[in-house]
Amino acid sequence: MRIGMLTAGGDCPGLNAVIRAVVRTSRAEYDTPVLGFEDGWSGLVDDSAVSLYDDEDIDRLLLRGGTVLGTGRLNPDTLRDSLPQIKRTLERHAIDVLIAIGGDGTLTAANWLHDNGVPVVGVPKTIDNDVAATDYTFGFDTAVSVAADAIDRLHTTAESHERVMLVEVMGRHAGWIALHAGLAAGAHMIVIPEVPFDIDYVCKVMKRRFQMGENYGICVVAEGATPAEGSSMTIDEGEIDQFGHQVFTGVANAMAVEIKERLDRDVRTTVLGHTQRGGTPTSRDRVLATRYGVHAAHLANSGKHGVFVALRGEDIVPLPIADAISRLKTVPVEMYDEAASLFG
Amino acid sequence: MRIGMLTAGGDCPGLNAVIRAVVRTSRAEYDTPVLGFEDGWSGLVDDSAVSLYDDEDIDRLLLRGGTVLGTGRLNPDTLRDSLPQIKRTLERHAIDVLIAIGGDGTLTAANWLHDNGVPVVGVPKTIDNDVAATDYTFGFDTAVSVAADAIDRLHTTAESHERVMLVEVMGRHAGWIALHAGLAAGAHMIVIPEVPFDIDYVCKVMKRRFQMGENYGICVVAEGATPAEGSSMTIDEGEIDQFGHQVFTGVANAMAVEIKERLDRDVRTTVLGHTQRGGTPTSRDRVLATRYGVHAAHLANSGKHGVFVALRGEDIVPLPIADAISRLKTVPVEMYDEAASLFG
Amino acid sequence: MRIGMLTAGGDCPGLNAVIRAVVRTSRAEYDTPVLGFEDGWSGLVDDSAVSLYDDEDIDRLLLRGGTVLGTGRLNPDTLRDSLPQIKRTLERHAIDVLIAIGGDGTLTAANWLHDNGVPVVGVPKTIDNDVAATDYTFGFDTAVSVAADAIDRLHTTAESHERVMLVEVMGRHAGWIALHAGLAAGAHMIVIPEVPFDIDYVCKVMKRRFQMGENYGICVVAEGATPAEGSSMTIDEGEIDQFGHQVFTGVANAMAVEIKERLDRDVRTTVLGHTQRGGTPTSRDRVLATRYGVHAAHLANSGKHGVFVALRGEDIVPLPIADAISRLKTVPVEMYDEAASLFG
Amino acid sequence: MRIGMLTAGGDCPGLNAVIRAVVRTSRAEYDTPVLGFEDGWSGLVDDSAVSLYDDEDIDRLLLRGGTVLGTGRLNPDTLRDSLPQIKRTLERHAIDVLIAIGGDGTLTAANWLHDNGVPVVGVPKTIDNDVAATDYTFGFDTAVSVAADAIDRLHTTAESHERVMLVEVMGRHAGWIALHAGLAAGAHMIVIPEVPFDIDYVCKVMKRRFQMGENYGICVVAEGATPAEGSSMTIDEGEIDQFGHQVFTGVANAMAVEIKERLDRDVRTTVLGHTQRGGTPTSRDRVLATRYGVHAAHLANSGKHGVFVALRGEDIVPLPIADAISRLKTVPVEMYDEAASLFG
């Protein structure tokens, strides 16, 4: 038995913790060698591989952000066209099963490969927490924690200078980070992609704060938030990149212009950016990533394929990969309404 | 409508976040006044109360550890004998429903009061994560995070000095903190109350590390861990305190003596103690505590009693208080075995 | 004896710690009442004052970012024109001495007031660490720590995606934050205002890294950095605001365009912004701010005016305010060269 | 030219940052190979050496606590008897100069070796900040930061439970950590070795707090603190270990017994222990350690021996090693008195 492993898609704290757990469990419990492919799917296509041993270097990965295997994105068409090369690489190294760690795009590719005769076990990865069928994904808690810490810091600056402060956080299609970081850091308003916002309502909430004697306001904005149709504000639509993803540009900045105009207050924007997806994972993400890795190793070593590992309550369970990619997990409107009790 | 609220039992990060969310939701959504009783149940017995307003001071509680209401423990017999006083206090303030935030003891008392005609909504609280029927309780993530940070720091000291390091963490009856902090910080051995340990096995794992060329080892010990019967080590049984709780004393220190003798290595013990239960909650605990508070406020304001709020997957659901106290939630043996893949 | 106090200029972690120490020391050691003026100099001009007591609320300020007194900037001409109002306010409250906490502009104003018959004790404040005559100012260590944490996180993202990452930090006229955060976080290149940069040299250092087999590079950029004259890159000069300060816009973004073109690599920019100046101060800044406050209180209460508190080695010493404002403290070229040993 | 390097004495955050800076500077600026000796002086005696290259592994050391070279203590007599072996090892590897990183004991040994013909450059290291002739040593800021964070957490627990909390921190002969951590975390009392304490005075300060309406108190205790002669409390004298150091045992616990008796309050003790000396250094310690390393490398490579690197204000300067060991740097009484303004 030999296992192959790769990480694909965006960087995410906890990737290395999964790698470590897969290698340690496979070597210690099954004596199975693990081969890592570099830079995502392209390492599999081009056969760029490295042996992973259960040594001190692997052990230290637990706290390290990023992925020692490197990562990358591959156009789905390119992947399909490369099936022969992929199979050849797997045969050359006598790989029995591939563990693919990645987000929606990676799991979609993994599912297609599985349907085309490549045994795969999936590990879901997304900062955004928007993979269906699992309660949480690792990296999300770290992103929320980094964002909440930053918002905590902005409170005092906003207050000292009597400002409205807009904080743009990650979340193109789902507002999980905005919702959790906003709740954790006591934001006075949160806007998310799932609930198009009315800029007049946002201004009303801020104005009410000032009328109540408060002298500042914090609004957390998911990068994918959009104004409601028919509302008094529009933003430019972003372009579509080569992977079919919309490129978002500056909803928080656009909101700042409008709020400044309507409230005649000092308004500032902070875009948190890449710091949300790098660095040492929180303890929770290390536990979740480690548990995913241990379970993925057990599944791979016992011949269970076409599944991915999912968190359900406190249990890690194997589910068909198709379940992960069937739909995007977005914030339910009731959960947003629940948070809205605390706006203002 | 008027709501009473109290916090009882041990200190726990997130108590203030619950208080804030209850007050803000009740005042903003229902215009319901909230009265806090001080120092746990005794504030209710002795009628020591304070009005809680939706102002800046309440808002700042989100990040503050501890509880502004104070806390305390009350002997169950005393509580029962005080039912008349408790009812009198509630009548005097025209309280319609009491929100009781606490652990197993508090929820048991809340259930008994509910059975005796006092409308109660419960909010589960325990650092130890051992309340049944809810996936997680707030405070637990903070405790794990503090413990994991400490263990991260001990790694380098242990390594530089070639030591075996024992770290005693909280957990009298359940090993959740030990298990999660140990996994998060890459401990080489974890012992928990649910799985009595064999000191010879612990030494064997450490010895194997030294034979493999490693020069140190970290073992995380839950304070309630006990040696397996018939194993070659015993520890003094702790006394029983006035609340019927066993007082634990020094299992890590007792283990250190045995390991030193068997391995002839430098062995040190660190007892993390109270730092695990104080201070600013993690962002996750702030979110969970806030959501509990919002839901408890909605339940109390809509006349739903005899229930407590529980986390199930990503949802907060109301469950009968009796479900919370029916059993202690302990670490399943399979989950411990899963972690054991990474020992050594 | 009565003391007045105000905070002016930009927000800075540790302002509240100074306020707390002044109040506690004055009340406990001298029984002297302290009056705070709100929103900087304008609180003195408009007589907006608040009594500060040695109570629990003051005590809690130690860990809180920002300033409870509020802050603001005042045009120097306006200040001069307002001397009569300022004197009237001080007389009305029978203030014997004013403690002014602020940066270069504030200390210049304080010095002018002192020369015009207003007894003043100064406390230097600047995130940027560019106040002459004191080794360090509080707020600087927090800003460096926040920036270094962010850069630590960017390392793994840059590495996983094989990018050049530019991180813009605060520092309009002095590169202290860039230099210290860059050294602390192992940046591969640092550019500061004191040493105009040659974009070709920056690219050369990055290119050398890639040739040595590394796959990413991090360059820390002070917001006030400028290209060397005659070098192959220019940037737009910023405007001058109403206080005579240059408004900087986007040197890191301008560099990114050039580097991308020359290296044909993925280049990203992160602008850290306001998070560097808010939030809980580091322990070091709390100690320094507290010591400044204690000493300022002793000076004010013993009738020593026209001085500010400065850190020299491990001692806090009083120096003439004029010494603080005589020159900007910039990074010595030798110190930059020392750091350059570690570039690449 | 060839450089040897070793780390000796207790673990200290920043040791690896010095090692990294020495290697990178020596290799990049002078093309000088650096050899590391393992486990302190014994690596030199027994010739246990490892080549250190300017590669990715060295670069990553910046954030890592502990020392990759390992450390150890050597009895001074043993060191003296081993001079011939030491000289033989240095000759065998053609070492021109030895960089010794360590505390008082290590620098004393380094000075003796220098007097006996071994060219040495010293780098001062001590958590306790008690090396004379340098303003600060790396590791100290990290220790203070860890201790202050812990005390921050204990505040809320002490307050919720209305307790007196004693926190024992490191500091056998000097109270720097206790003083700084106590000031940073707003302790209500601090006791240090330099100023023998009167337990009645400690109790008086705590009692006054309770009389003023506060319900808890925090007292920070340096492990080497001792009761004043003639005061109403004594503690057992610790033993003397093989290195001539006194072994301290439990001053905080002894104080707790006395305070409990006198105040009839719940009193608890937390001993912070080893967590203060491990783990990732603060950004400040990384900067200081890096600057020490760069300067030590320049000194060694330019043939300046018999000196150690010291921080004076903002400058790193070379001083005779004898200056470092001539006296212990303790907290001046005036600095303690300054802090005492804030007790209670």
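For clarity, chains are labelled A, B, C and D in written order, and residue numbers in each chain start from 1.
Convention: a contact is a pair of C-beta atoms (placed from the backbone, for glycine too) under 8 Å apart; a residue touches a chain by one contact, two chains touch by 3 or more.
Heads up on the chains, UniProt names are A, B, C, D = ATP-dependent 6-phosphofructokinase.
Computed from a predicted model, the values in this text were never measured in an experiment.
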{"item": "Starting at chain B, fewest touch steps before arriving at chain D", "value": "1"}
{"item": "Length of the line joining the C-alpha centres of chain A and chain C, rounded to whole Å", "value": "35"}
{"item": "Chain centre separation in whole Å, for chain C relative to chain B (CA means)", "value": "41"}
{"item": "Euclidean distance of C-alpha centroids - chain C vs chain D, Å", "value": "29"}
{"item": "Chain B residues counted as touching two or more neighbouring chains", "value": "149, 152"}
{"item": "Chain-level touch network, classified as line, ring, star, complete or other", "value": "ring"}
{"item": "Pairs of chains in contact (touch as defined earlier), listed by label", "value": "A-B, A-C, B-D, C-D"}
{"item": "Contact footprint of chain A on chain B as seen in their complex", "value": "21, 24-25, 28-29, 56, 59, 62-63, 135-136, 141, 144-145, 148-149, 152, 180-181, 183-186, 214, 282-284, 286-287, 290-291, 294-295, 297, 312-314, 335, 338-339, 341-342, 344"}
{"item": "Interface residues, chain C side, partner chain A - complex", "value": "10-11, 13, 15, 64-67, 70-71, 146, 149-150, 152-162, 165, 215, 268, 270-271, 273-275, 277-280"}
